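In the part that follows, the structures are each spelled out as structure tokens.
Heads up, the next two complexes both have chain A, just with different partners, chain B and then chain C.
Then we have the complex of A and B:
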């Protein structure tokens, strides 16, 4: 590989010395026609709307009547809105608490699963929830924890236990957290295992010869050598935790309304203040302000996390 | 949950080591750790945990299937029991009367057309971004990557306004455009990294033989990058199949619903027409089973796509 890379640069340098080859030139002519369609879609449907959301967030607007400039009013109102504060805290709790649980559990599972004979089967089954609609997982998760649901039925048959109110207001968000951990763990097991599998066995043999305990092997071999995978996965979790919507939206039964505001996260808040609910409130400016605020916060967190997790790369 | 999952690492992985690095020389096979004399208690506990997790996932799935052919009282009385009689009418009701037939057609059309269009637009961009040494190539790649961090709830309000101005709200074509466009950043990002990792020699050989760049792209690069293209195609199709937020905002009439909206619709209609969990789970199975089949068929590819040289 190294050799290939070397010869590659050598060729390129030769090209460069004698100007560009005809092939390079013809490839260069493809640059614009090839990149512009994708770039246009990206600009029109992703970047443009993001900028527009920022603009809308400075206005009072219901989508129909003319926009009314209100400056930072939406933002100051947000900070005093207890529903938003709950949504903000919930989003961060999902990020940190569910995130820590996911990473610790995934790491432990990875260490166990990679030594199993049924490794790839186990990994496939753990990964499966990731490709199932979160709506479905949410419905099933809510269904088995209903008052007269599967879990209470089993507890009753086994121990004669009184039904536990899993889904009452106090427990609802905790159940959402646990559900989130359940459906995300398999993905991170898969990612972390791929990183850990790349560590050559002789490091472990060496550590064993030196008398390292299982914990020391984890601390001095596995963690440092899979650190770059873990840090990418952590950033990935940060980004995707902000996008969680379906699992909460469909959670908690059969009403055709939104779930109670106590369990809303950022995405639910935006939806709830704009299109969602039985009588939508269409507060487009307000909802946009909350979305922009969270986007800014998470951008900051991603940058911080990158700094925090940066280590000198270890070549092996 | 989006398909963007994890594949993030693919790029990095593919970026340096090439697609081979996942199973690179010496590192690929993990030799089983030698068994020490007595099993450590921690390990036993760990295995019990792993197998209970696996059992839970399998049981949930079996529960879905069996419940879809049970009557509602049966589901509550004996949740884990086998169905006493087959209530296949759950399926036929869901399919014929609750709009799941139409929703299936809509969803298949959206997922297939959307994932193919995204690929058609993104693969050429990824090719020139990874191969042409243009001073804007680096910044542009980053610019596409930026799109990965922008959640749909930020863009949905402006998009709604935009699409209603051109009459594309409550339109499957409008949703198809949105699905295609919103999956472009991820696809370009992934494929740029993947193509960068592929060796350049073959293309150089084609160039010496006098192939044009266009021909080299079509006849050398696309076949070389086939595994990456297929993986991202599948991941996007899965993501579009399961997509909900844009669906509930942009689709209003029942005949345009996608499968996840049909399930939600069924769920909320139970409030008026009475609990019909058998029917609900039949609908849920219509949403899940195609993904299960795809997973059984191509699961190795999906998982390998995600782990493809993850890490370096």
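Then we have the complex of A and C:
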């Protein structure tokens, strides 16, 4: 029966190859039933909660008692809150500094790996940190870098060096940045490499014959011809950098305790003001306001970035 | 084609309907009240923890004796967070347990607790005394609201003391330091002998706070530190008593008395080092022996003394873990019955013998390694650990006090800078709270 229906459809499609209108009409009729389920799920699980967060952000609310309308008080308090300002700066530093590092390293690795014989193996190795849970990695990193950890032990054995306080308050955020780069680079190498792999070899051969250096090949061949992939990757990084949570939480904190507020990003701020810590603050209005502010800021950044990176697609 | 399209459309619509129904079903899960022959208990323990095993044993006996079924979920420390979500419209458990401040924080201010006065009046099964008679009113400071209503019935008590290995430090065991000067002398002595004085897992800001908070309570009396941070004008910080307490803490860092790496290790690395004899003292709750026991040398002898005095106060910083009943609970009666049942001496004793912790009943024998804490618990007045600040002002504590305290305890700022910054940040904080 299914087969019959299938062959029937094929015949009809061929019959109507010239007049698309019937096909278009049917397509349109199908449009709604296929879109509605996804739209409903999106409404229930994304748009609904976002709207609720916006509503909650205008209130003082402990999660149980009736909400108390406070207007924009949460927002003005946030701008005065030095912990929030630190979290905002940290989020932007992760976005820009870790982002730049990830993309530069990804390009360098892409250029190197392209030439290698064990390309797919190297690619898998580079991708590996991205597969392993960030929590597991952060715990391992904690043990490697702590005072009596592996790194200090090796430095001591080799050079007799005094232990370096990698995880103290001054260095913790830098370690988090390095960890984030290490965790994410593999993914972006893979994405960018997939874009670069599409570029036909003869462009490179031609450039090489014309005497182009490696950097010139990158600038005049690789970058323009993989620009669409890079811009998607940049947007993807912007959005995912906002959501980094578990690495900072597990690396800087313990089972019951939040990391020090000096290394919070905006995601940790939301958690810290709502459910986090040994004695949670349950400030749901305040936490929602910070989430809404960050959502607005990042929506702006994503739109800006898209405009900035817009180029006419190059066909090849 | 038309037929097939219709069919596909119908399938898609059916799928949509299915999703909607499923979503609706999720939202309106059956919350019909159970009869009083059962109760739901969301435990703070995970199944493998000794306390969970003690409770499970009691639950089994309770079910056999009363015919009431206990639906227990071993949720772990997140149980109160989950309770909060349930209170917004879900199946609320009949019985919960946690440290007193976690419960009071979640359900006391918003009046989501059942007053437990009646439970305190209940007779304990197989005994000739009531719950109130079995548990002295010493613990009321933890278990009652500001209006004096009971919201908690404790079954485990935590005392916070300074731990040491009596086998390695017999002189301390013979004469434990009573005043801060005595203690400072011990630290200086340890340093000159090439030992580290104090072990502290500095990545847990709350552990670092124990030191400063208790020093402030010693200088100002119980409630003094809490009052200090509650003041919107932050006026109390620049006084000689506060300076004395903070200087004592500053001197711990300045004198180099902390174990190397206390500011850059991952918990529980430092307390493990302490159990292995790398530092003399560890200021910790009465769970210290169970948590460090497996790393300690066989001859390690757990002893502890009260935090030294910096004035007249010599109260024992403490906390309790206990049962509470959420206000919307359907089976509050059955839950109350279980609480009284568990407080029976024989059953509660297992918290001591099996889980190696202290109980609120003075007539229960204590584990030998907790004899010192118990002696203090019986003889001294009690104060709340961190003077209740962690529970009452958790947002301020986490974001302002704890980070500054860590800077003081790692020698990055002086007492003057600490006072200047905490006073200004505290004023800003209270102002932003409206």
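Keep in mind that, in the parts below, the second predicted complex is superposed on the first by the 277 of 316 C-alpha atoms of A that agree within 3 Å, B and C clash if a C-alpha of one lies under 4 Å from a C-alpha of the other, contacts with A are read in each partner's own complex, and residues count from 1 in each chain.
Methods note: a residue touches a chain if its C-beta (ideal position, glycine included) is under 8 Å from a C-beta of that chain, and two chains touch if they have at least 3 such contacts.
Just so we're clear, the structure is a prediction, and the values are computed from it rather than from any experiment.
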{"item": "Partner chain in contact with A:124 - chain B first, chain C second, else both or neither", "value": "first"}
{"item": "Which of chain B and chain C A:183 touches, first, second, both or neither", "value": "first"}
{"item": "Which of chain B and chain C A:65 touches, first, second, both or neither", "value": "second"}
{"item": "Chain A residues touched - chain C or chain B, whichever exceeds", "value": "B"}
{"item": "Touched partner set for A:258, first chain B, second chain C, both or neither", "value": "second"}
{"item": "Partner chain in contact with A:232 - chain B first, chain C second, else both or neither", "value": "first"}
{"item": "Partner chain in contact with A:281 - chain B first, chain C second, else both or neither", "value": "second"}
{"item": "Which of chain B and chain C A:26 touches, first, second, both or neither", "value": "both"}
{"item": "Contacts of A:87 with chain B and chain C, given as first, second, both or neither", "value": "neither"}
{"item": "First (chain B), second (chain C), both or neither touched by A:165", "value": "second"}
{"item": "Those residues of chain A which chain B touches in one complex and chain C touches in the other", "value": "8, 26, 29-30, 33-34, 37, 41, 44, 63, 143, 148, 254-256, 275"}
{"item": "Residue numbers on chain B that touch chain A, as the complex places them", "value": "1-6, 8-9, 12-13, 17-18, 21-22, 24, 26-28, 30-33, 40, 42-43, 46-47, 49-50, 53-54, 56-58, 60-61, 63-64, 76, 79-80, 121-122, 124-125, 127-129, 131-132, 134, 137, 140, 143-144, 146-162, 177-178, 180-182, 184-185, 188, 199-201, 204, 207, 211-214, 216-217, 238, 241-242, 244-245, 248-249, 259-260, 263-264, 267-271, 275, 277, 280, 284, 287-288, 291-292, 294-295, 299-300, 302-303, 306-312"}
{"item": "Touching residues (chain side chain A, partner chain B) in the complex", "value": "1, 4, 7-8, 11, 21-23, 26-31, 33-35, 37-39, 41-42, 44-50, 52-53, 56, 63, 108-109, 111-116, 120, 122-136, 139-140, 143-144, 148-150, 153-154, 182-188, 190-191, 193-195, 197-201, 204, 214, 226, 228-229, 232-233, 235-236, 239-240, 242-247, 249-250, 254-256, 266-267, 270-271, 274-275, 284, 287-288, 291-292, 295, 298-299, 302"}
{"item": "Interface residues, chain C side, partner chain A - complex", "value": "1-2, 4-5, 8-9, 12-13, 15-16, 19-20, 23, 77, 81, 84-85, 87-88, 101-102, 105-107, 109-110, 112, 203-206, 260-261, 263-267, 269, 273, 390-391, 394-395, 397-399, 402-403, 406-407, 410, 412, 425, 428, 431-434"}
{"item": "Chain A residues within the chain C interface of the complex", "value": "5, 8-9, 12, 26, 29-30, 33-34, 36-37, 40-41, 44, 62-65, 70, 73, 77, 80-83, 142-143, 146-148, 163, 165-169, 171, 252-258, 260-262, 272-273, 275, 277-283"}
